[in-house]
């Protein structure tokens, strides 16, 4: 069985997904594309040698009888509309983050999906598909370090452009930790706090960098995440879980140990795209396989909602310096495992 | 374009390849199978839900108009016949090791392929497709440790059964290092020597374990390979290249660093199948892609021949204790890059 | 020149120092001891085969013409009196922590020493004498990671007895980080906060364990210290400094890397006494050498005062949950380098 | 009790020992020195502020009533004479390597010491005093990796001057491995072989560099030692012991792990003097303590003899390319533990 996929938005990430579905993954093919820039959509079809039709807009594509499932990789503010339309059409939809630009928007999707009665939405959080995080979760699941008590994280980029603003540390950067730690710990946040260390001289004048976000979960686990987007030395994702009987860490990406020039060293990646490149493959293959099997199971609309609410609390904490509560609605039975 | 593949031999490795071509890889499908045990072939088709035809024997399968390319995963002594028949039919063939059970057999394949005029044969050496070895080759290619002078290797298995005999240290174990180091160093062996350390008490009475194989290449590089197939602690593949200005090592497989019970530790695999599982995917995808593109480029019949000649010299060195020359025929221009 | 040392307090730590001065270090000898338990003092002289006199009490010992310098290793509440008496006698004194049981007591010592006009007091903070911390400070001093912005620490013990109370996390445990980070960063704290993660089931009912102390320095550096005294797996001291261009970490104690039972591992110490055993030697030798040279330079009475004030703020933060300011008096010119 | 030591030879290593005995170690003092360059001896006394007498020559110094024990740090060819004279005087003697310039010379010392009836001689092999090697021996002694079967070593220097000749790879470089592995394994060599890898372009024209020495012990353990004295990148001593159930490695010297410029790295030493600097302290303190206790126990004259015989075999193997037997005399009961 081959899943016929339509792609809304043929920018960088859209093209990446088209390429992997066409050349690397199995069980699906791209049959439809659309973009606000119709020329770009046409160019993508031509360059990637696709046997796909161009649609006038996302809503047309969603309705097409030739399309079984939808990939939403368009501009963030359009996500909610396309996801809701996909649900209305009863078609599975993979939506890159953000699911919607507000928690309320996410909740509308949650409600629509529940009304439909069956899971149709997967949000594009890829870290749960990373081998390293999976191995870490496996360590926890097997009780090898006991119950988790604390998590120490760092999210470091070598540098960001001048357009990166202080709030993006939440919406673009720590949003990944917010999601993956919920999944890793099977827990939700109850409060957040943001503190500002001494600022690096390598950040733009308007940007607070680094920042530290302190979070507490419903189980009482304390999470601290250092966000440092001008760390200069590399793209470096650290995650250490301290449990009752031991400590486990996210593996470093495999690299050739070298002895050279009086140093014993391994490489640290500098390009974030390379860090989780394998995870994207697993993520999209997972979407295809679970849709084909009728048991969609990746990050859900509820996960998108929970991340949005937590991010909103972090944004408030950035401004006030206070410990800000994270108030989620009651989790619907629909989303319980 | 979808490559239609026929598989000769539906044992464990045959089934693995069928599964990955069907479920994981892209660009090919299994359309034909055969096995000396016809019932097993039928069961494989049923269990894996294949749309494939059963053929009476390998030669029939090779001749079929519905088959574009052949996978030979049958019993070793049958390989030569099926590979030669594939060449005769002008069809690309992927043959698991050994290419043939003798150097002379390998040479007959080399000659048939040259006579055909175009590469059709890929031998199933998968280590050049391993990310770790590729990263190591990349380090060498970029001159990061200068010209290689020495290579220190270890090939350790936790244990082997009583059926594993002393010569299998060459034909089943170090054969992988023989191949991958030729590729890594772009070099050939000129002599080999085998020495026997103190025997472990955990080996069968008839088995010399561990063994050390010392090899010299045409460029003068000295290679030592420890073979220790009852090392108890894990499946462990080590490779260290010492160059004129630095040293580079094969990366350890990524693993969660844990602090527990007074040890800081990572896991060592114990199942050899897991060590290169990703490499098998890349290898077979590489075969599919390069066949589809008409530029087959993986381990060649010549590589199979060179490995066979080197292994023969090692077997003699095992018996005599002497430094045994490795005498390859002149490499045909056909196989030069 | 041989420094004649008198020791007040012949308990465990006192005996350790007597032993190292007698057997391992150079330039000093033990000539006088005293203890509230005179029999124990006599036993120590006999067991360690010392040529030393027993004094009736600390004040007698301090006054003796045969004593050049004093080691105070008695019960904490007696420290202030003996240090003040040593200053009054114009004799160099090494005092184990705490310098005094209150910040006010420390300040009385500071004032007495300044009135004397020359440094006489060294406080027993040994971590600045540890090779690892020294190497870390060297990395900072050479600008190898740029200006420090954040410090992430952990102080973990395998377990503590029932007598260990929540406040001892400050007074007995993090007091070492409080001191060594002041030295490492050449900075002072301006505020502290304490948060309580989910409690481990392995702690006594009355004990909050783990705890996280968040500190800010005058330069704006953010420090977080995880205190986890029932971590089960080992005695583990972690310190990571994040600078503007890189990150540096306290080295793990050297240990034999082993491959065994499917793990690649090194040992983690479980006995805290072994972790800094070399540092004690360097510390006491440093006291002897700098006293003999007339240029006493180790952790000063001011350092003892600053640690006491910071610890007091932490104790308040433990109780209130607030961000508590750390208010030090103006640092006297006497203590500037 | 203070051991009164006389030093014969006040060159670099002699001065180092004088300095550590005077400033760092306990239980001994330098009371006598002599050197073929009397002015240098006088300068050393002055510069190090010693209360020591200058003697006309080594034999005078050995005979002096004021000297309890002798340190021989003079030119190699003079060692035998001074050690024999010390034995004749019944005085303990620490002799830097070589004990004598020939195996026959070493044997004369062995015979003299046996005739004297009590151990008086310690040879200056310092690696058994290195914490890393001691920890490795401890792992073996506790059976943590089972019986040792193989040892893989490397001895790498960043570079050597033009005066370093091919035979010095044996007499100056691998001599340390020859000794320390005898101690580590509690074993003796029975044969040696030398092979020459491709030569580095960074070596002098006359020098074979690198070299690999292959040794077999009486227990059948196979040892390979890579000697590479122009490796450019650092002074690097590697030792890996493969046992029946696991593998143990000499620890890397502790170093600050740094993340900087896209590398995660630790430092590799480049100055050999720093690598074993702590071991020298332990070694000489061990000599002082065991002499003072009348139970001298470090590397013995027999160890010096065994190293000399093995080195001679290696020198022959360098020239012939053959597997050369190592023929030791029967070990006298005198030297058995």
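All chains are identified by letter, namely A, B, C and D, in their written order; residue positions are counted from 1 within each chain.
By our rule, contacts are C-beta pairs under 8 Å (C-beta built on N, C-alpha and C of every residue); 3 or more make two chains touch, one makes a residue touch a chain.
Since we're looking at a predicted model, the values are computed, not measured.
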item: A-D or A-B, whichever has more C-beta pairs in contact; value: A-B
item: Chain centre separation in whole Å, for subunit B relative to subunit A (CA means); value: 38
item: Computed distance of Cα centres, subunit C from subunit A, in Å; value: 45
item: Length of the line joining the C-alpha centres of subunit A and subunit D, rounded to whole Å; value: 59
item: Set of subunit D residues in contact with two or more other chains; value: 233, 245-247, 252, 259-261, 266
item: Chain contact graph, described as a line, ring, star, complete graph or other shape; value: complete
item: Contact set on subunit C toward subunit A in their complex; value: 146-150, 152, 154, 195-202, 210, 212, 214, 216, 219-222, 224, 226, 228, 231-233, 242, 244-247
item: Of all residues in subunit A, those that touch subunit B in their complex; value: 22-27, 131-132, 135-136, 138-139, 144-145, 245-261, 266, 285
item: Complex contact set, residues of subunit C against subunit B; value: 233-234, 236, 252, 259-270
